[in-house]
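In the two complexes below, chain A is the common chain; its partner is chain B in one and chain C in the other.
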Partner chain A sequence: MDFKAIYDHLRAVDAPGLIEADEPRLPDKETKDKGRSGMPFVRIEPASFVDFLLVCRDDPKLTFELLVDLTASDPAADDENLWVLVQLLSVKHKHRLAVKAYLPKSSASIPSATAVYRAAQWHERECGEMYGITFVGHPDPRNILLPDDWVGYPMRKDYEFPKEYHGVSCE
Partner chain B sequence: MALLEEAFEENVLTTKVDWLLNWARLNSIWPMTFGLACCAIEMMAVGAAHHDIDRFGAGAFRATPRQADLMIVAGTVNFKMGERVKRLYDQMSSPKYVIAMGACATGGGPYYKYGYTVMKGVDRIIPVDVYIAGCPPRPEALLEGLMKLQDKIRRTPVIRKPAFTA
Partner chain C sequence: MVEQTQEYKPSIQPSEEGRVLPSGEREFFFDVSTSDLEVNMGPQHPATHGVMRVLLRTDGELVTGAQPHLGYLHRGAEKIGENVEWLQYLPYTDRYDYLAAMNNNLGYSLAVEALMPGLEIPRRATLIRTICAELNRIASHLIAFGTYGLDIGAFTPFFYAFREREWIQALFEKICGARLTYSYIRIGGVFNEAPPGWLKEVEHFCDVFEEKWKEYYDLLALNHIFVMRTKDIGVITPEMAYDFGLTGPMLRGSGIDFDLRRDMPYMDYTEIWEAGAYQIPLGSGEKGTLGDCWDRFDVRVKEMIESIKIVRYCLGVIEPGPVLGDVPKVIKVPPGEAYVGIENPRGELGHYSHSDGGKVAVRCRVRGPSFVNLAVLEDLMPGTLLADSVAIIGSTDIVVGETDR
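== the complex of A and B ==
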C-alpha cells in the first residue's frame, strides 16, 4: 500500500490517537506557506502511542513487523515541542510508515514502545539521555552513551556546554 | 674502555649500565592493545606486515596493562572513556610511556568546539611523552613517533639522577 491507502485504512479502522496526515508540499507565495520536503507521516496523540503501534503491528492489512527507527528531534529553540519520530516497515506487504508525536518541552513524556517492539529499548534510552524525554514503562531507562551523572540534554537546542567534568576542564 | 678491553677473557663485553638498560628498554617497548577510534585502524596497519612495528621490538601488543610499557592513545577520548584510560595507565608498571596519536588524543581534534563529551587532549589526565599530528596519522608517522620515544629513552639516565630537569 502507498501512504494514502495506509492513511485511509488507519482512518477506516479508527486507529487510536490519529490526528492528521502530513505530506510534503510545494511552497505557496499567497498563503506564505514555506512548503515541506521529506516523506509523508501521520501525526498521533502521544498518550495513545502504544495503542496506535499495536494497531499498526497487528492489523492484517498493515502488519508492520519491524521498527526501523525511533528517534527524536528538537526543531527550533523557540518551538515549544519536541518530536518523537518512528519509522515502521512491513516486510510482508513491502510498505513503510512514518509516525510522529509532538511532546511539550516542559513535560516531555510518552508511553514506552517497548511493550510493542522490543527493538525500541536502546533507541528510547538514547532519546531519553539526549533529549530528556521520559518513556513511561521502559524496563531499563539508564543512560546508554553519556556518563550516569551527566547534567543536561546535549541534543536540545538550549543546551549549555559544561565547563568541567570531574575536575577536567572542557575549554 | 681501552684500559679494560685487554683485561678479560674473550667473549666478555664491557659497557655502561645506563647504556645496557636503555638498550634493553628501548628495543622492547611493548604497547597495550588499546584502540579508541579510526587512529586504531592505522595502528593495526603499523602492526601488520607492510609497516611491521616488530622491527622496533614493539610488536608484542599485550592485552593487559600489567605487561605493557607503552600506551598508544589511538583515537578520541571522551570523559566516560577518560576515567578508564586513567585507570589503565595507573595499572601499568613503571617505566611507562604514553604516545598521543592523532589530533583527537592531542587536543580534541575535530571535536574541539562542539564535542560536549570529548576531552580536549588526553594530556589533561595522563602525562604524554610523544604527540603525533595527523587525522589520522600515516603509519610512518606512528613509527616516527616510536623512534622519537626511543630517542627519549636513550637519553634517560637510569642509575643516576638526571643532572637537570627540563
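== the complex of A and C ==
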C-alpha cells in the first residue's frame, strides 16, 4: 500500500492516538511557506504510542513486522518539542510507515515500545542517553554508547560541550 | 579478568546411581559444584571483531547469560553530521561500516538526494554506483567468510578471502585512489569517471572470482568440521527475527524472503531484477535447523555470486555519458525530512536526514544494521556452550564501527 492507503486504513480502523498526516508540499510564495520535500509521516499522540504500534503490527492489512528504527530529533534550540521518529516496515506487504510524536522538552516522556517490538530496546536506550527522553516501562534503561557518568544530553541542540572529563582537559 | 562471584567449594562426590552405557559399562556422575563465573569476553578479544565487550555469565562450560557492552568506538558521528556541511559529512559515512564504505556513501547520498527532487542522477553514474556497491558487498562478505572460519579454527580460507579482497581494493584504488575509505559515491552521482580499461578489469575479476568461489564454498561451507561446529547452533526463529528487527542476511538466514533491493527498490535494481539477473539466497535448514549459524553463513557466501551477476548485468548495459549531476560546490538542501534504507552487506542501512533549507543538516540519523543485529545476542547465547559463543558472535557478522558510530 502507498502512504495514502495506509493513512486511510488507519483512519478506518480508528487507530488510537492518530492525529494527522504530514505530507510533503510545494513551496508557496504568497504565504512564504518554504514547502517540504522528502517523505510523508503520520503524527500520533505520545500517550497512545504503544496501542498505535500494536494496531500497526497486528492489523492484517498493515502487518508491520519490523520496527526498523526508533530515534529522536531536536529540531531547534528554541523549539519547545523533541520528536520521536519510528520507521516501520512490513515484510509481507512491502510497505513502510514513518511515525512521529512530539514530546515537550520540559517533560520528555513516552511509553516504551519494548513490549511490542523488542528491537526498540537498544534504540530507546540510545535515545534516552542522547536526548534525555524517559521511556516509561523500559526493562533496562542504562546508557548504551556513553559512559554511565556522562553529564547532559549530547544530541540536544542546547548541549554545551564539557570543558574536562575526569580531570583531562577537552580544550 | 575472571571474577568469582561465589566462594568455590569443591565437593566431588560420585553419585550413587549410575547409568548403563550401551556397551554394558557403568558410568557414574560426579556432583561437582561449579560456581557462576562472570567472564569478560573482550574488549580486545579477536572474535568480537573490534573493540566490544560481552559480559558472559558461565556455569562451567554453559553460558547462562550474555550482555554486550558497547561504546568503546563511539565517535559521535550523528552529532558531527549536525555541525558540518552536507558534502563534508560524506567522509564520516565511510567510517561506520568501514568494510562496506561504498554502500555507506550510497545510503547517505540517496538520503540527501531524496530531499532534492530537481536533481537528476545520470544513468552511467547509477550503474557505476551499482557496480561499486556490489563489488564492495563481495569484499565485505569475503571478510565475513574468512574471519568466520578463523573464529572457528580454520585458518586457510582467511588467506584465500583476503587475496580476492585485495583485488577488489586494487580496483577501488584505481577508480578513486583510496583502498578502504572511498568517499567516491557522492551527492549527485560519483566523484569521477572510471579510468580507461577499468570496466574490462572488473569483468576479468568476475570471470576469475566465479571459479574461485566454487572452491571456497567446497573448502569451508561444506567442510565437515565446519558444518558440525555451526549447524543447530544459535538458532534464530522467524518470529525472533521479526521481534528483534533483524535485516539482511540475518533475516534471510531464518528463511524470510525479503531483500530491499528487490522489494523496496532504489536506483535501478527493479530493472536488474526484472531482467532476471540475480536471485535472493535464503536459509533453508539444509544442514541442521532453519536459522542456525550455518544458514546465515551460507546466505552470505551465496550472496557473493549473486552480486557478481548484478555486476555483469551492469557491465552489459553501461554506456558512455556524464557521471555527476548538476550539483553546486556548496550544496543547499531544500527543507524536508526523508528516511532512505538500502541493503548493506549487513542489513538495512537507514539514513534519516532532516534539512531546514540551510547548508547544514538539522538531524543526520544513521540506523546501522550491526547495532540492531547485535541485540539478538542477549537472547541467543543463554543455554549454549562457551565454545559455541564464538561461533554465534561470528555469525552475526558485526562491524563495531557501526554499532558504536
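Keep this in mind: the second predicted complex is superposed on the first by the 171 of 171 C-alpha atoms of A that agree within 3 Å, B and C clash if a C-alpha of one lies under 4 Å from a C-alpha of the other, contacts with A are read in each partner's own complex, and residues count from 1 in each chain.
FYI, a contact is a pair of C-beta atoms (placed from the backbone, for glycine too) under 8 Å apart; a residue touches a chain by one contact, two chains touch by 3 or more.
Predicted, not measured: the structure shown is a model, and the values here were computed from it.
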item	value
Touching partner for A:Val168 - first (chain B), second (chain C), both, neither	first
Which of chain B and chain C A:Glu65 touches, first, second, both or neither	second
First, second, both or neither for A:Gln87, with chain B first and chain C second	second
Winner by number of chain A residues touched, once chain B and chain C are compared	C
Touched partner set for A:Phe41, first chain B, second chain C, both or neither	second
First (chain B), second (chain C), both or neither touched by A:Pro147	both
Chain B and chain C contact sites that coincide on chain A, given as residue numbers	145-147, 154
Of chain A, residues touching chain C in the complex	24, 34-39, 41, 65-69, 71, 73-76, 85, 87, 89, 91, 94, 96, 98, 117-119, 121-123, 143-147, 154-155
In the complex, chain B residues that touch chain A	79-80, 82-83, 116-117, 119-120, 124-125
List of chain C residues in touch with chain A within their complex	70-71, 74, 76, 78-79, 114-117, 242-245, 247, 251, 256, 258, 263-264, 334-339, 341, 348, 350, 352, 354, 356-357, 362-363, 365, 367, 371-372, 375, 404-405
Touching residues (chain side chain A, partner chain B) in the complex	145-147, 150, 154, 159, 161-162, 165-166, 168-171
